[in-house]
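This is the structure I have questions about; it appears just below.
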């Protein structure tokens, strides 16, 4: 089978069996199995994920149920023990045993809580690889990222005799909600890395285009907030209640009123608020899903601190208890210019690429690969976040999201050329 | 079988198969069947309930499903057609064909959305009549009310030769949430009534006590409120959203800030608020369950009007759409003093009763029997709302609520004496 | 000069030179001078007012300026030293040196911050005793109260040979805002009192009517609240501000949302809110004038506690400092039934009185004489608060408020009869 | 007298007699007198200001009083009639009667409501030209701008034989609060202008530095908002009030919660809120001073529209009336690149200037000269806003703000060179 066909097959396989963050057991088991066969050294699960740095991880009941699902849907059983508690990260290393730098690539594997379109004009539907899990969908392209990672592994394995140094492939869980990268970075998986590349497909960049460095990521914090008060009959003795609903309503309003910051863009959103158990009961419980963002980590930290003050204050107003749980977080980043230039050059030489942008500052949402970029840069390495343009059937996170698979093989090849550039034996000759 | 045993059996039967408002198909079919056998003329369903005055009625899917449940759980099938759309009211008349006044009694039949205790110190549990419907429970005593109504019907039927005028027994759905009485009163079922008596068991009045008139009901309105805006990605273009969550939060806060009223007690409660569909989405939808109360209908109307202003204003603030649906309503009442005195006298003569209170003004929540009382009084009749004391295992609406069944037969007998007082042949002799 | 003419003269004198709470230097000096001439023993100033229990007392600059004003407008200079710091209370005792109970009467002396009407249909205007102090007005009748007190003193002095026990006349400052009584009660001025009577004129009770006991006073707390944050340029670096205006706005809204109380009427009002110093500056300061009320002291205490929570919470929300100063307070009371009956009997016998109400429960605002009533009752004495009806030109606190002076002499005489009833030599004969 | 000395004298004169927006009668009369003597054609008052486009203009009482003040403090009386109603703008034209372009310069004349420092380390204090008007201060440098304008006029007059075309000097009132420029632009004073230059001194740019174009101005709207409700006694019948204070508090909170805009920076500030007349009165009136800003006029318009929705909604919530008055407004601008380059070149050649920045995008607050820039550009002309760096004793709007007067003469000379560049006879030779 040709590599392109193989990569497309992988992508469609992952698309058909999507798994949300920290539940990528089936996906990870397949990834591990392929990498193992290709001769990579594998580190998996808790050894590459710092438990306390995982954010927004589902509880044991959900995780256990999903393991059963994975078993029923083609997971490679011998790798499941590494992932069954939800620590689904993998670091695969190719040791050339020849001196040279360590080059790392990051691929994210998780899907989104979206019901995929069943319209016949949606390619995955009429081609038969629509999600079989109602309510879970690869609507952001991580299925493609994972497949590209395996394609890259294949090329590296085939050409390892010509490589030097160490090549690390990082398969990360739970990028959605910016929940998984911090745990892997905290476990030190990039501490020895000299060159780090993360990549995304699409994001508005058209087919045949390439962006070598994207600085536009907003730092972000995802906060799960609860208020717990005391219920009481609203007619007969309302004064005995401690009103969690009003605490939450007041908090929501004041959160959105947090001042703008002159150092850069900021955002705050109370995306969900659920409170109360009955019309005639003073509500004793409320939950909120909140996120802050900032053009820089400083701005995001400012927003988060204000939110914390407001939650504390709202709880005091109504004499209720509050909790704030960090359910996700990402920082901002600045790509390394030198590395970006080299990537731009490599991409320029690929026949598929017609247009290369060195640096984009466009606001591109948030991304937790930034933890890897910062960790590498702090130790003197270089890091960048690049984008492979592709034509999309519908925007990211849309029920009809779909990529143009023509982009897959060129992406594999450009990443392979990058690995070679920094790790080829002939490099210095 | 003795009457007392029969009444207790009925009560336990209804307790074991509780049905929520507008879903009392099984209960109503059994009530209708008993009354039919006892020789009462029956009017049922839409003929005694004005459709557009029903409030908070479940949708057809829920109603249809419940009909299936009722069939599987002992409903008397020949009566189901009258009730299958959820119009579960019954008016049973005993025509004596002798001149005399029309005397009416109201009994409510619906249960509450409460999970009944399965602790073995809870009598319905260890005696085997705990609710078989998880999440529905007779936790207010309407099972007892319905059983008392059937006991009264039995006595009336046995003694009809001695009665004059017309005796009407009104079995009302959906008293909880004050949703069902208005539809029956609007259908004119008490328009010919000279004397009207509604009764409740318990409510804090101990066993052997009787309250002949209760004026303490608060007028109330139950409002289902929605805000509909426009969703938008909270990171990339928040300004394109129309934030229904903030409209709801602002409305909730300002609703509770509606001014007190100097004419009497008022209440407002936003019991539930649910908004938003995801952390990073500007929320495009919010729902609230709200109730207002007033010591008088005037005060409640004031509260309701303020709430309407606030909902309108909050929607304008955020440029979102709003709807307010009336999901229940009750008015205040003043019992007829003369009728109350006669009831007090009758109760005084019953051996079970040790203590009679003529009039209570204690705040006793809300009750939609007030629509019947007002309708009767407006046409020159007399009406009262009385209370049969009983010792409770736990308060109303509690998962361990239970009555002392000793009170059932005396309640039947006192109501029968009342019917006789106004309808006995020998009355004037 | 006849007593009636004298009392009217006093009333008009005080009306023309009104003084607000804790600034009654001129009034008090005249009262003291008259009482001194009539042979009463005087205690004045700090000896009858506990400094730390004074609430909402003006600062030294205002007090000092007012002393100058008082000197220029007819104050009796030899008494000013007692009052010049604003402790303007007087307790005048008539020691009969014959055994008998101690009977006390309370009169309040302060005026309101209201601009008196200069319309010629306003009697004080066309009769020449309109306030000479623009912005200060006796619009509640305390001018009449003080004059009645001096009239009573005159009769007591004339008839002292026939009296027994001790008669105490208490002239209180700062009843408006309920600021002065607590300081006098705390100083122990009624600790030896067996019978205590406070009186008000008007309050909606018409001429020739008398109310012997008024229980309708709401407990109240007057709170001066500040928020202090940090200013910042709203355009260039808004995030550096700490927004006191938003803290205050949020507090105001949430204060009004404090739950109703099932034990009785409650009230809350943010009557004034002032914040900020410029359109383009993040506001660093905000002040609020707030009051709570409760049908009972328990309810008012509940309201006050919630307000304190809210102020604390709002300050935390915006990371600003807050202060709450008690600017006035009154408790609720229940008049002594026995004493009220005796007063009713005395009033009934007066030719001017046509209608006597023993007890009124009507909400009559708040009144700090309640501190005296409670203190007397706690030690086993009896106390009541009575009302002398009069026809008013306009309601209390209105710029055209005016009483019918016909009521003054009867009021003096009824209080004198009361003093005699409990202190006359011949009483038991 | 040397020109530099003369310019400094003018600046100190204006500094000592500062006048706020639309009250620059004294300043304008002196400016007019000097320009008149120098041979300029003058248009003054309403002929250069569209009445209905003036924003936030003081009322007649304030204006009339200030005319008296101006007369007493050295105004040139014969010019006062043009300015006495507060239309204090001047357009001075030098007609060379030789063909050539029309070049215009804008100078603003108004001072700020700030109490100037009386510390002796504050140069205007120890040199004797501190403001004689307590509470009004030239704390932004408009005194220098006006003096530079007169200096420029002097040079132009001296060298008019060598100039071509028309040179217009625009002296604008009320730049603070962005209130005056729109009225002059609307009157068409730049409709014939080919090249337009506005200048500011300082703004953080150090001495010897020059910025040829500043694009960083935020569009802004200044809104005066009122809510009018109905007062009521908060204790006796609070429900009869219509609470303007709560409407304002709710509006303030929700205004700050207006969403960020992804197209650029936005700002909102409720700088002042004043509501209510007494603690125990439901507040019937509230006023707010609000401003919005936007990186572009589009963003500012979005903010303003949200504010309008919120004010409308808050008024409906509390059933009160509302008004919104525009008290100032400015738009954003983009300087003409070509003109900026020429200015940069001219400045570069001046010996005083060591550092030239072509274009600054730094947020520099708001400025209503943007109306002139846009008007000129819309008709095909070129326009720029430049900055003459100077060392400041303290920041703009600070009580110790002071400039380094060394910058004055170079500023005059560079502007003169600019006029020459576009209007010199020898230009094309």
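To keep things simple, chains are lettered A, B, C and D as they appear, and every chain counts its residues starting from 1.
The criterion applied here is as follows: a residue touches a chain if its C-beta (ideal position, glycine included) is under 8 Å from a C-beta of that chain, and two chains touch if they have at least 3 such contacts.
Please read these numbers as outputs of a predicted model, since none were measured by experiment.
Contact with both subunit A and subunit D is made by B, C. Set side by side, B-C and B-D show the greater C-beta contact count at B-D. By residue number, more than half of the contact pairs of A-D reappear in one of the listed pairs B-C, A-B or C-D, namely B-C.
Our note on geometry: subunit C versus subunit D, Cα centroid distance of 53 Å, whole angstroms. Here the spacing of subunit B and subunit D, counted between their Cα centres, is 69 Å.
Separating the CA-averaged centres of subunit B and subunit C is a span of 50 Å.
Listed for subunit A are residues 236, 238, 243, 246, 250, 253-254, 256-257, 259-260, 262, 267, 282, 363, each touching two or more other chains. Subunit B meets subunit C in the complex at residues 253-254, 256-257, 259-260, 262, 265-267, 363.
Looking at the complex, you find that subunit B touches subunit A at residues 113, 177, 218, 220, 222, 233-236, 238, 243, 245-246, 248-250, 252-253, 256, 267, 269-283, 286, 289-291, 293, 327, 363, 365-366, 397.
Looking at the complex, you find that subunit D touches subunit B at residues 236-239, 241, 243, 246, 250, 253-254, 257, 259-263, 282, 302, 309-310, 312-319.
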